[in-house]
């Protein structure tokens, strides 16, 4: 359960609106269901009180929205950033994607977000409401009278179990502690795959990727995918394709996308969160991150503004592409 | 749709021997866009070229594919042919069916099959070719030389000699550099001042050359042919135009205890000073850190004695903006600090000195008027130990020193040893060496003379420790040939300190976007074939800023750099390579990925206003490629996440089309 | 502030002055030296061989002890300092070696986390020489004192990282802080002969004499050292000026020497 | 010789300044290598976009090799250093997806190394032939 | 060349030294305080290990003369670290059966009233297995 409350955030937003620091607020808004939280712009206290929410389903990373919103909004936008969002925020600043002056960022602590798929796994479908009671989550379904009580840990999203950092790396103001970078086990899953035979790996990925329906949700949620025009939408890129058809980019979509964001991906996990088919897309991004950490030294995209990503950098002593495999083979 | 003509060359039997040329021209007829296809014995011959020109006219061709030898051989030829036929020269593609087909495959069937595929790829590419026109940019006919040592002086004189104006920027109050501090020069032993000072006078008197002394480059913008440079002229508190260099102010200045940089601190100068008698420009400079008048307004003696009225305590730093077509870097070197090498007791005894200090001690204009005297007590040294390679040739993992050989030390040490023995035959001179490296005209002969005629004791080995005790320096060293540890009581120890690029070079390289190696030496465009050019177009390298060099090498490199500059300035316009990158502003994110990988600094950013479909406007940061600077490597095209960046002549779609054609 | 303290074998008998004055002086300067329980001798010299494990265990145990107490580890004796710092460095940088060592570690594994300070470094980096100066009650005015570093304090520099190995100033700065005049001489970082005095006393004598002569020629009236073996060699080989531990001088300057003299 | 001998399809990207010239030299010296190797000329190895490589595989290539100047010798000073990083990352990713690592390679071939070019191609083709046809990347999304 | 490549490899592995980095400047021997006691000097250790000529070193008194003062390590411009080679060879020698150079019986003759324990420990560490 989150330590910071909806009321605290609303108070903060109202105060900042009132003293003119910001002119609008980018925040989480009630959706159709309690677990269905969507991003929205709030202009005043009434709107905030009516629809602003903050709970374990507020996983949306707002950084990306700033690219478009800062262009449209007069005055400053207030944005609440969880630690992992702050990395995306910095990365977008590194890429000059929005004007820092137009944003008032409030860093907030995050206790980890819930994965609705996990909730459904336990409680089944037909969830009618979810309420938060103390440390527990009370899930009411259409089929049961009594709500099922869940502990946060039971339904914690994978990306939060393997949280890499509770540290807010960018903010104008902080609510709660600044937090620390933590040792996570986020590469364990990648290592498991690496330990498989090529055949097993191929089978794994074929199984996962075959479920893709090319809905583009991963791309649309990804804070690294803010291109003015995506190569997959561009008829001149040679890889354009918008519908699932048996053509080139269809099969390569996820590889190309992963490569495009390599070195820029902060491992926020939005891609996997939004995937309606539950494809573990973060395992592609983490592979790149893990490799680049091992080959070229630790690098965390977004840890600071202006850093130079491994793929737009080099040393004369870098290892050869062939040595990548020699290294692994000798390790094994 | 293009109208493509295909021309298959037999190259006598070179191609036709393993490739069925008839089958190739026939097969390519049915490729998309191909309206004409033929083959001929020698496409590159006049008859072959005429055949192409005729076909272009007859069939209204818009693109040409020549299946022939390597494009490295005749691409230029066929581009000219296309131009002669009225086509854009970049509407030509070559399928390499000789070096990469007929010559490597023995079987006719295989060869023909492959030649057809290579032809198809070329057709697929030419279908997407667009006419390209090389950009042109004007050339500002003025050169900037940064650094006024012998390298900069020689470069400036040579450029001026060709009739182009040159500016020299020198951060010290005078030009002359390290060479002005030297005594004699190897291997001829003529005095440095005798050969350098006339050149300095030439510079001063040359009406094509302007000297900005006591000045630094503070900003560089622009590109080859069109650099905009800001020069910061530090306030010297003396009006250069009026000062006659008479020295009356220096005589009267009461601040006497300022360490004299020119003599490496071995004697003192005044707060107002002229570095040495032959300085150019010969004007005084006030050291603001030492002058009482400038520090607390008390004194003003120099102004009183200056009959010319040149002293100006209110002078401010001045910024001068100038345009240049070419920039020559001649920032030179310095000996490294000996602080980390105190096993030689440099910081513990005045009688342990560097070789450059030794130059001043033997120089007639130096602190001892050329008499070799110990700095500590002014006595004649009777035993002198020279130590070679101090800080040179060190392992990268060692705690101190440089990895490279400093190149000049073996020769100047031989010179010092020889001159000492010549002037003071009662002096014992030891030289401890690891290797004696004397490649160069008359160099080894010179070193042998030091040994054989002058009796200098060369000992293979290194000094391990110098212990000052009383008035002797106890030198502990190894003699590897005799397999002995030697202990010598010396009066003077001279360290051949490694040399390193001047500290101003690194920020300058950043301003120039010129690359440097890990030692901060400037990198040349090609180590063998373009040794005086930086990879950044319009930037040239002269002297030790590029690597350790002696005077003859420096002067010849200065000449080479100047001839490159003259070649550039002689042009009225620069014609670029049209195969450069360009960014589609509608797709550009302005993310700076491309800029980071560009080795030439060809990419800059600007904010541009876009009108949106909903009639609002939006200001976006977009990348702009300067075609005069871009060399067309394409690194940026892959770094670009949105695909906004593409390369003319090797566009994403073109290469993709080639891949498709090859892979069926 | 409290730190873990490794005294070492000699400090408990022949070099008691080094031990007692260290503890007393530190106390005045606000640092409590907490002696490690059940410490074992460091072995006197560090073996650079990567396959020598057993001889380095006592150092690792001391380091681990400090880690568990979350304290830096302070040594006074140059030899202990050298052995422990080099061992710590090996634990940080030689994984193969560290793995071998950790197989013997009943106390739990250790990977070089502890920070090791020599007493002099403690004075410089934790206390500060300015603070030392303020606490001086008996300034040693006009005394010409030569610091003798020997070999173990400074080398190998890549590991010890204490000061410039060829031109150190840490002891000279301490001498200045105590109000005396430091004498700089070239042999201050040359070996006294060390344990060679067992094998060839003549060689030890030659080395020690060279140090003494060089210090005297530079005008020294007294030599201070941090190493019992250095002191032994210099004294045994006929030093005709006093050779004492720097801590003794420090205690005197800080005014705590008398109460320890029973 | 077998009639139905498997012929792989190999795409080689060669930089204009070193490797393409090295390939020309192999021709000048009449050094044989399999005709299955088809060369695409690029100004610098750093011009090779991973999309080209994936496209080749998708269109039926069995192996893709990128040749450039030796590190330190790049005509554009640093292009091949970027190639080295990009391809190390991409090839490791393909391997992670189960695409055999022998199907991808980066090799530095100078303009003087005609023999190395031919030997490299012979070796590369041999390794690809040993693996057989490349179906994997094409099939990555389609479960049979 | 002799056939001591196993021993050579062992010495190189134990010391972590790459003797081929040596450029023959002799600074190690120039700085060595025990030079006069040694039959083979520091630079010779480096060169002999490099060429596999280890037997003479194993049997040389020089092994016990090195003071481990690390002057050669710090002052070597090539970062060769000769003292580590001396140490590695010495260990090879004292690890041989019965090759201890010093025993407890030797102690009384060495002791005088001022001898610090440090001296004895160090000597034992150096001269025995």
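Observations, loosely collected:
Here the chain labels run A, B, C, D and E in written order, and each chain numbers its own residues starting at 1.
Rule of thumb we're sticking to: a contact is a pair of C-beta atoms (placed from the backbone, for glycine too) under 8 Å apart; a residue touches a chain by one contact, two chains touch by 3 or more.
What you see is a predicted model, and the numbers here were worked out from it, not measured in a lab.
Contacts with chain C and chain E are shared by B. Graph distance from chain C to chain D, where chains that touch are one step apart, equals 2. Distance from chain E peaks, on a Cα-centroid basis, for A. Annotation: A-D is the more contact-rich of the chain pairs A-D and B-E, by number of C-beta pairs in contact. Central chain assignment: B. Criterion: smallest distance from chain C-alpha mean to the mean of all protein C-alpha atoms.
Distance from chain D peaks, on a Cα-centroid basis, for C.
Centre-to-centre separation of chain B and chain C, using mean CA positions: 50 Å.
Separating the centre of chain B from that of chain D, both taken as means of CA atoms, is a distance of 35 Å. Chain B has residues 343, 399, 465, 597, 639, 652, 656 in contact with two or more other chains.
Residue numbers of chain D whose C-beta contacts span two or more other chains: 50-51, 55, 59, 78, 82, 86.
Within chain C, contacts with two or more other chains are made by residues 157, 166, 190. Chains that are in contact with each other form these pairs: A-B, A-D, B-C, B-D, B-E, C-E.
In the complex of the two chains, the chain B residues touching chain E come out as 343, 389, 393-395, 397-399, 401, 434, 460-465, 476-480, 483, 485. Listed in rising order, the residues of chain A touching chain D in the complex are 190, 193-194, 198-207, 209-210, 212, 231, 237-239, 248, 250-252, 255-256, 258-259, 262, 284, 287-288, 291-292, 295-296, 310-316, 318-322, 324-325.
Residues of chain E that touch chain B in their complex: 21, 23-32, 35-36, 41, 43-44, 71, 74-80. Taken together, the chain D residues at the contact with chain B in this complex read 9, 11, 16, 20-21, 23-28, 30-33, 35, 38-44, 46-52, 55-56, 59-61, 75-79, 82, 86, 118. Per the touch definition, chain B reaches chain A in the complex via residues 586-593, 596-597, 605, 616, 618-621, 639, 641-644, 652-653, 656.
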